[in-house]
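Note that the chains take the letters A, B, C and D in the order they are written out, and that residue 1 is the start of every chain.
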Amino acid sequence: MKAFARRMIGIDRRIIFLLIAAATLLPLLQPFGLPIKVSPEVKAVYDHIEKLPERSVFLISFDFDPSSKPELEPQAVALLRHAFRKNLRVIGMTHWLTGTGLADGVFSTAAAEYGKVRGKDFVFLGWSPGGGALIIAMGQDLYTAFPSDYSKTPTRDMPVLEGVRNLRDVNYMISLAAGSSGIEMWYVFGKDKYRFEMAGGATGVIAPGLYPFLRSGQINGLIGGLQGAAEYETLIGQKGTAVAGMDAQSATHMVIIVLVILCNVFYFTLRGEKGRPA
Amino acid sequence: MPEYLLPSGTLLGAWAAAGLTLFIYSFLYKDNPLFKLGEHLYVGISVGYTVVLTWHTVFLRLLWEPLAKSVGEAPASPGSYLLLIPAALGLLMLARFIPKIAWLSRIAFAFVVGFGSGVAIPRVVSSYILKQIEDTVNPLLVRMDGGLSLGLDLAAPQSGINTVILLIGVVSVLFYFFFSVEHTGAGMVTARTGIYFLMIAFGAAFGYTVMSRMSLLIGRFRDLITFSGAAYGYATPILLGVTIVTLALWEMAVRRRAGP
Amino acid sequence: MIVASILLLLLTGGAAWAAPSALPPPEGFHALDTPNDAGRSLSLVWKASPSDSKDRTVQIWIGEGKGEGEFKIVADFPANTRYMKPGEFPFWAQPAGPGDHYLKLPSSKAFPIEDGKPYAVKLLVREGDQEVWSAVAQATSRADLFNTAQVNNLMFVLAFTGVLLASISAARRNPHVRLRRIAGLDAVDEAIGRSTEMGRPILYLTGAGDMSEVPTIAATTILGEVAKKVARYDTTLKVPHRDPIVMAVCQEIVKEAYIEAGRPDAYKEDSNFFITSDQFSYTAAVDGIMLREKPAANFFMGSYFAESLLLTETGASTGAIQIAGTDSDHQLPFFVTTCDYTLIGEELYAASAYLSREPVLVGTLRGQDFGKAFIMSALVLGTALATVGVIFQTEVFNYVLDFFRDFK
Amino acid sequence: MIFLKRQLPLAITFIMGIAFALQYYIPHPVSEEAITSVSKWMQIISGFALLLGVASLFHVHAVKIKRQVPGWGYSFVLYLGIFITILVGFWGKGEVKVDGAQTAFGWLYDYMMVPLQGTMFSILAFFIASAAYRAFRARSREASVLLIAAVVVMMGRVPLGQFLLPWTWDVTQWLLNVMNSAVRRAILIGVSMGSIALSLKIILGIERSYLGGGKEQ
């Protein structure tokens, strides 16, 4: 027993690496779909979209770049699926130049799933500089802020934008942000002035800092990190990458916990040995 | 090229990305030629990238363009020549290439260090001292329905009981950092309390971070899974095979060399 | 018909009853230059009224000069909002009385406000179909030269400077200050000794910061002390860098240390070398150095980010003694769990004093202790005062507590 | 000469330090402008200094190649990486995208820099596990509380943990909100004392090791 414990306590760390790799990879390939507890702040976003009438205008701003892709892309996919299923008109845009290609890809894939047509059911406006100033410009006139969309089609007279002059005509908007400035900026320059309802989606690191906004009603809902994305996938009944990701999270966390417990068992087995073990 | 394949730029990119990802991961097995290749390439690219970015954002955008623009104005305002100061200081930095006048670089050091020290002082007092005191000093009792009550709700961060715990934590950890007081007697008890606080907080922060680190791994694995599709020409499985075979061959070569 | 006329009577009579003869105009309305700001903004103050409600709105109208020209509306909000927030201003810089309405009116595209030009402002209060104008108030905006709200910050800096200088000069007169042990620093000699015995290099990292950051400066000072010891033991020192200026400074420091240790001949210019400023390629390269050159001791001083665990875990796998020192609180959990010794937070700044035992540095530590003692008492007393304030429902303690608040 | 070598740098440090400490208390736009432009100056100075760094890197690897130390071939790979990146970078004028189309520089960034960075970063996932296995042993009472706190938080963070032990979620919140903030606050206050003291000493010329030793005599 002691010999075994001694060998296990000094185990080759590459075995631990393999365990972690397996615990991550297997759930990704074959999700086991553990139950996900849906939090009220995610439910609020879902409920709001659920209540919107058909052909309402839904604006989604991709305020992140590829480094936050693992957490925010699943959120975007789930939201788009929900919006397309509800037959909303979806407008996409980004404040981050480096996130443009990624955002366009997400749009195309989700739209293809539901047979939605670019220019008629959705439009991806792409990137334009300015940050807060861009939001103000959109609040005054959408067509001067974005004369053409990402694929260089003129925005004026686009069927999807029928009756939309500026941000006041947006029914609901969500900013998926990798920095707290994304959601704050949309609130300060957009919602506060042009009175549309808005929500936020954020990476796990910055989500806790956004709860004050939620409590004060500045945003009506908040999707936080991969967990939030998994909750949204559960709500729309389409378990995707986030649920699989949360399974992988559960698995790796449990692997580490079991490893720590085992190493303490081995450690205490050895402790009786002459004085203190190395 | 078969039709189901993606455009060549993306395809080549997927192969490069998948290959480099696997080369770097091979480091988890042990230091090996593939990792060395990836590592040196990575350092090279990052240095090249920094040089290009510095040239465009610093030399062109911050220095050259404003200078050229304001000198071009007639008459040029004296203020527009101010940018020559950092340029001169930058050149002093380069004096290090000539040992005889290398000491000139100290003037530039002094400028940088002086600025940093000055900027730090009031800002540190504001956000690390006053703000922290402000957030820690809270009344232990709250007035509710006309009566006084000591909030015993551990789940509410602002409750009286949590204020007390917070205060004990801050004071005991601060005491632990005292340098000119020996940790004996009552001092030892306080310092020990401080150490326990430190250890609990470190453990909690460690456990909390696991999730974001695993998210990174999930992200990488997801990319590798994407690249293993037919549209990408089965990049991941093929390159994984190449990596494993190379490692095996290398391992055999090393053993043979080390052998009798 | 009768019913109708009664109804009509009721309605008209009711309306006459519900609407008092007139809305009260806002009392004590005046405008002023926003205190402690960069200019281009005015502030408005008026007294709160018990009848303020969310159904009553207030509009702000502004015009140039004395108000002879045209007025423009710039804001519109319910009458029961925009009060002085408790705690927003310190007691010594209150722009309005407690409970008053207070509104900062910044320059905007709709109405730009310029410094040095007079403006006239008036309020329009509306409820239902009634409305009433306030008197016209005048003010001129200007940029201020000193933020009086931050005077407590400045006082703190000056007081601490005094304490520091006093304890340094005290330490010069009497250099025998007892200091408590810091285990990590006792281990420095052991680590250098072991590297010498094993004939392996010592790896020293100065962190992610540049030369204008204080933890980096602390790391370079410690490097000086370590280099002196290394020079005496005649061991190899390797310092890979992420910032070229830090590299240049460290070259000077290490050279000076070798001269001071009497070994200028043993100094090598390329013991300090640059890799790249990119976080993770730097990490990959340093991990490579650890695996290939197998240093017997790794020092991690200065500020760190996510790379910390990538460095220390690789270092641990090569069996090196690892000593870390950082003020990056978010990385401390990883250093503490993977290094043999960790200097936590402030200990990083104290390290050079411990290693050199110079009176100036030791005196500084004493000064820092005084500072901490002061803050500790402020925390305990502040909590006590705040609690007593709640018990007796008094605001009087704010005159003390405001000194320990951060104002912008 | 001694003045230029010793006193002038100290004087510059003093003036810069005092000026930019006072800047904080001055709301006037001129003071705001001063700090913005001097921050840009710092970037320009480090831009020049980058040349020192690149020279050092070239030197180290040139020596490796000249002496043919083991693995000197990789130094060529490094040179290759630098030259190709600089070449495509200048060719594409430092832009990653022109008119929506990716440049070669952008390709290099998206398909080499980003994956390399992400992969190196993600190795942390493996190391955090191996570090936990090695370090989380109940060697002492301090080590025990550390390991218990870590395990509880790990449980409370994931769905499976919340499902098995529902109370861990609340305890996690409490540990992070109360215990962790207490410690972080104390560390920050201590750190600030140390950093203000060091900054003051530098401004007043008491600490001058950054100029290359030469303590106050």
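By definition in this document, contacts are C-beta pairs under 8 Å (C-beta built on N, C-alpha and C of every residue); 3 or more make two chains touch, one makes a residue touch a chain.
Quick caveat, the model's predicted, so the values are computed rather than measured.
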item: Farthest chain (mean CA position) relative to subunit D; value: A
item: Inter-chain pair with the most contacting C-beta pairs; value: B-D
item: Averaged-CA centre spacing for the pair subunit D and subunit B, given as whole angstrom; value: 5
item: Subunit B and subunit C, separation of their C-alpha mean positions in angstrom; value: 19
item: Euclidean distance of C-alpha centroids - subunit A vs subunit B, Å; value: 23
item: For subunit A paired with subunit D, centre-to-centre distance based on mean C-alpha positions, whole Å; value: 27
item: Contacts with two or more other chains, residues of subunit C listed in rising order; value: 150, 153-154, 157, 210-212, 214, 217, 245, 248-249, 252, 275-278, 280-281, 284, 292, 332, 334, 336-337, 344-346, 350, 368, 372, 375
item: Per-residue multi-chain contacts in subunit B, two or more chains; value: 24, 27-28, 36, 38-39, 42-43, 45-47, 49-50, 93, 96, 106, 108-109, 112-113, 115-117, 119-122, 125-126, 129, 133, 136, 167, 170-171, 174, 177, 198, 201-203, 205-206, 209-211, 214, 216-217, 219
item: Residue numbers of subunit D (touch at least two other chains); value: 21, 24-25, 42, 45-46, 49-52, 54, 57, 71, 102, 110, 114, 116, 118, 120-121, 123-126, 128, 130, 132, 134, 136, 146-147, 150-151, 154, 157-158, 183-184, 187-191, 195-196, 198-200, 202, 210-212
item: Interchain contacts (touch definition) - all pairs; value: A-B, A-D, B-C, B-D, C-D
item: Parts of subunit B lying in touch with subunit D, wherever the complex brings them together; value: 9, 12-14, 16-18, 20-21, 24-25, 27-28, 36-59, 62-63, 82-83, 85-87, 89-91, 93-94, 96-97, 103, 106-126, 128-129, 132-133, 135-136, 154-155, 157, 162, 165-174, 177, 194-211, 213-214, 216-217, 219-220, 223
item: Subunit C residues touching subunit B - in the complex, by the definition given at the top; value: 150, 152-154, 156-157, 177-180, 210-214, 217, 245, 248-249, 251-252, 275-278, 280-282, 284-285, 287-288, 291-292, 330, 332-334, 336-337, 344-347, 350, 365-366, 368-369, 372-373, 375-376, 378-380, 382-383, 386-387, 389-391, 393, 401, 404-406
item: Contacting residues of subunit D [partner subunit B, same complex]; value: 5, 8-10, 12-21, 23-25, 35, 37-38, 40-52, 54-55, 57, 71, 74-75, 77-86, 89-90, 93-94, 102, 105, 107-116, 118-126, 128, 132, 141-143, 145-154, 157-158, 170, 172-192, 195-196, 198-200, 202-203, 210-212
item: Subunit D to subunit C touching residues, read off their complex; value: 21, 24-30, 32, 42, 45-46, 49-54, 56-57, 59-60, 63, 71, 116-117, 120-121, 123-124, 127-128, 130-132, 134-136, 146, 183-184, 187-191, 193-202, 204, 206-207, 209-216
item: Residue ranges of subunit A in contact with subunit D within the complex; value: 11, 13, 16-17, 19-21, 24, 34-37, 66-67, 97-98, 100-101, 126, 150, 152, 227, 230, 246, 249-257, 259-261, 263-264, 267-268
